[in-house]
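Order of writing sets the labels: A, B, C and D. Residues in every chain begin at 1.
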Amino acid sequence: MIDKSVASVSDAVAGIEDGSTVMIGGFGRAGQPVELIDALIATGAKDLTIVNNNAGNGDTGLAALLAAGQVRKIVCSFPRQSDSWVFDGLYRDGKVELELVPQGNLAERIRAAGAGIGAFYTPTGVGTQLADGKEIREIDGRAYALEYPLRADYALVSGYRADRWGNVVYRETARNFGPIMAAAATTSIVQVDRVVELGSLDPEHVVTPGIYVDRVVAVGDRAWIADGEFVGGVDIEGRPLQTEEDAR
Amino acid sequence: MTELTRITRQDLAARIAADIPEGAFVNLGIGAPTLVANYLPEDEEIILHTENGLLGMGGAPEEGLVDPDLINAGKQPVTALKGAAYFHHADSFAMMRGGHLDVCVLGAFQVAQNGDLANWSTGAPGAIPAVGGAMDLAIGAKDVYVMTDLLTKKGEPKIVEACTYPLTGVGCVTRVYTDHAVFDVTPDGFRVREAFGSNTVAELEGLTGLSLGGE
Amino acid sequence: MIDKSVASVSDAVAGIEDGSTVMIGGFGRAGQPVELIDALIATGAKDLTIVNNNAGNGDTGLAALLAAGQVRKIVCSFPRQSDSWVFDGLYRDGKVELELVPQGNLAERIRAAGAGIGAFYTPTGVGTQLADGKEIREIDGRAYALEYPLRADYALVSGYRADRWGNVVYRETARNFGPIMAAAATTSIVQVDRVVELGSLDPEHVVTPGIYVDRVVAVGDRAWIADGEFVGGVDIEGRPLQTEEDAR
Amino acid sequence: MTELTRITRQDLAARIAADIPEGAFVNLGIGAPTLVANYLPEDEEIILHTENGLLGMGGAPEEGLVDPDLINAGKQPVTALKGAAYFHHADSFAMMRGGHLDVCVLGAFQVAQNGDLANWSTGAPGAIPAVGGAMDLAIGAKDVYVMTDLLTKKGEPKIVEACTYPLTGVGCVTRVYTDHAVFDVTPDGFRVREAFGSNTVAELEGLTGLSLGGE
């Protein structure tokens, strides 16, 4: 019997070593695998290269990993945000390296890694600083820059439901980078609210097939869902919503 | 020189909204352009795209229904309309890069008369660079509309002969909506499409130092 | 109000002119938009370039379009099948041109067209006749061939359900080329069993978002489905299954 | 020369099945290799991929339940297991090309000692060429197993020094399962992994004209 589910987030992140490249899903807080990141912090693995769209928000999740001094380099499209003070400080102090990639090239490079594409020509970024030094080719009268795949040793992804074969479905815009990162990493680790019985995910609706997933771990219903129903919960800044008033 | 007419940010958003036809697929970027959504006619169907994986984005959620999994590119809480669709990031940017969006509306530091856009970096030393999806939108949408004040706070024109700030995209802007006037980007440079209030082409040429093709 | 549904298959294929490039979904019979193909035959449009995985089966659908002499060229991966006699004859008589593309390169070229990729390096076909004359580049110690996007004027696709915004879901392995062809054509036309109310397709389950679809047309439940339930119907050769015995 | 041991097509399928570990993701191509599915252990979970967009493919449907929308790469009716997933063609071939399949089993006209595979065309003049997904499978799976008779009907060996038929893939085959023996493709050429019945390495060398590394 295939069973990719593991008992704890610490089991899920076992083996991540110093110097690993780790893709972390999420766009801002949506789809950020906070419990897996916390487990990664607990391993103490350092000199990590992190691939994420952003560079952490507030003091939790990816920001906490940065604050812990475990990150040598971050590959992302949009580090500077109103609440990215942890990254901002480290970057200004020269303590973290930044590779800035336009978001669509970031997504396509990750996709290419999973899809076995050796390189691709993209129109995005041509004529800008972010294509400096890249090979440019004119195709059908338009200029394109050559971009290479972006691979990782590990991917940490947040899904909604998974089964023991590793099939995953996501929730709303928390899907974002999860499916392509799961396909681009040697070892892909997915946290979900619940691991469900094999056969309870409709084959028409599976977004990440189990072939891309090595480990799944249940972390319990997200705070704003109870018994599968939306109940409010936290606001976009991560503050708990206890009453309707809190939601203002 | 008399004071020129300037319309408010809200009126500018409404002006842009009026140019978006029913059935269009539209991305409103982040920041001020998102105001345009408030002025789209309620009796028409215009489908909003957000780069983080949603077509058919709706407005802000009602009280108590903020859902942290459902956000826009600016990471603000939104809703999904009937007829919406979610997809992953590679699919979302394939949609943008592949030229499927009819319109995107972006902010700008500068727009050049050949349509070059600079909106992601001032190039200031020590600033932390961040680009997000701006470069994909700039080269991807069929029409790239810029929404901006005509002048910076220091009074410098933001439509220029050539950008001095780092570029976001080359020759990509099709129209610039400013507080003073609307400009089309044409093979001959900027042309005034609509001057607000009593503004004249000559006055706008005076402000910008550009030839705007006034008769 | 957006309403991409049209009343008839002839309305759906209106405008397809002589010399058009037309992508036709389907893998064998699964997902082949037979009603749209019949409507295309009725238009009499000729000199067509057809992109499909195969080159027709039996005497219906794509095979009938070929038999009608409307096809100048076919781009496909697998023309030769036990029941591809129509194509076989035309090809041997020099009446139809063939561009043979390995299936994965065919799919990826179609995907690239929809995704705005200028060209890509693929490992598939390198060192074989099918990469003859293509640019070869070594990347990270592996050889890749450069492949270009494959675009079309029209795509004819068979889905299962659609709404008036053009959102489409598919059924089982009939999904195959539909989603990528819809994205790669200037005008994409989708036949479905039923056009359903806006809002009745779950946004998490939409496979082809309406942005890729120009026209949808309802053609009625496929023969082996009644009231949404599977009832048997036709076998894989297209013969009607009236009784269980027929299904042997 | 005495008659050599030859196992049946069915026994060969069972032999291959025995080498596929639980949890493997496997593509069985079309034709003879699909027989392997019949010999996979029923108490183990092995996940079959079919190029036309399905992981978790099951066996043939029961009478009366043939579903023309649910077929395999050979266009035969199949079923979907619990835990299955459907996807479109670009995703299916991304999965193959990206190296995610553990094993594929393919037929062959010829396999060369460097692992080159020829299985899509005899190059005969006038033949209609058809390649399908063979080239993607050949270069995509972690292990590429070939299932074939060792000799053609005319008695010519199908494992060869260099392929004379048009190639499907370069240096891609890892193991060849034949009716006479199983061969590994090694940096030193073919090596006998298992000779069936009383067959000896020397006999197999005699049949093939190759050095097979017998001690």
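FYI, contacts are C-beta pairs under 8 Å (C-beta built on N, C-alpha and C of every residue); 3 or more make two chains touch, one makes a residue touch a chain.
In this text the structure is predicted, and so the values were computed from the model without any measurement.
Q: Looking at the contacts, which chains touch chain A and chain C alike?
A: Where chain A and chain C share a partner, that partner set is B, D.
Q: Between chain A and chain D, what distance separates the C-alpha centroids? Give it in angstrom.
A: So the centroids are 37 Å from each other.
Q: Distance-wise, how many Å sit between the C-alpha centres of chain C and chain D, to the nearest whole number?
A: 28
Q: Would you mind listing the residues of chain D that make contact with two or more other chains?
A: 54, 80, 86-87, 94, 96-97, 140
Q: Please set out, as single numbers or ranges, the residues of chain C touching at least two other chains.
A: Answer for chain C, listing residues that touch two or more other chains: 108, 111, 115-117, 122-123, 170-172, 204.
Q: Determine which chains touch and list them pairwise.
A: By the stated definition, chains touch in these pairs: A-B, A-C, A-D, B-C, C-D.
Q: Across the complex, what residues on chain D touch chain C?
A: Residues of chain D touching chain C: 50-54, 63-71, 75-77, 80, 86-90, 92-94, 96-97, 116, 121, 126, 128-136, 139-140, 166-170.
Q: Please name which positions on chain C make contact with chain D in the complex.
A: So the residues of chain C in touch with chain D come to 27-31, 53, 77-81, 87-88, 91-92, 98, 100-105, 107-108, 110-111, 122-130, 143, 170-180, 207, 222, 224, 230, 232-236, 238, 241, 244, 247-248.
Q: Enumerate the contact residues on chain A facing chain C in the complex.
A: 108, 112, 115-123, 137, 139-140, 142, 144, 148, 169-172, 204-205
Q: For chain C, which residues are in contact with chain B within the complex?
A: 1-2, 111, 113-117, 163-165, 167, 183, 198-199, 201, 203-204, 206, 209-212
Q: Name, in rising order, each residue of chain D that touches chain A in their complex.
A: 22-23, 25, 45, 47, 49, 54-56, 80, 82-87, 94-101, 140
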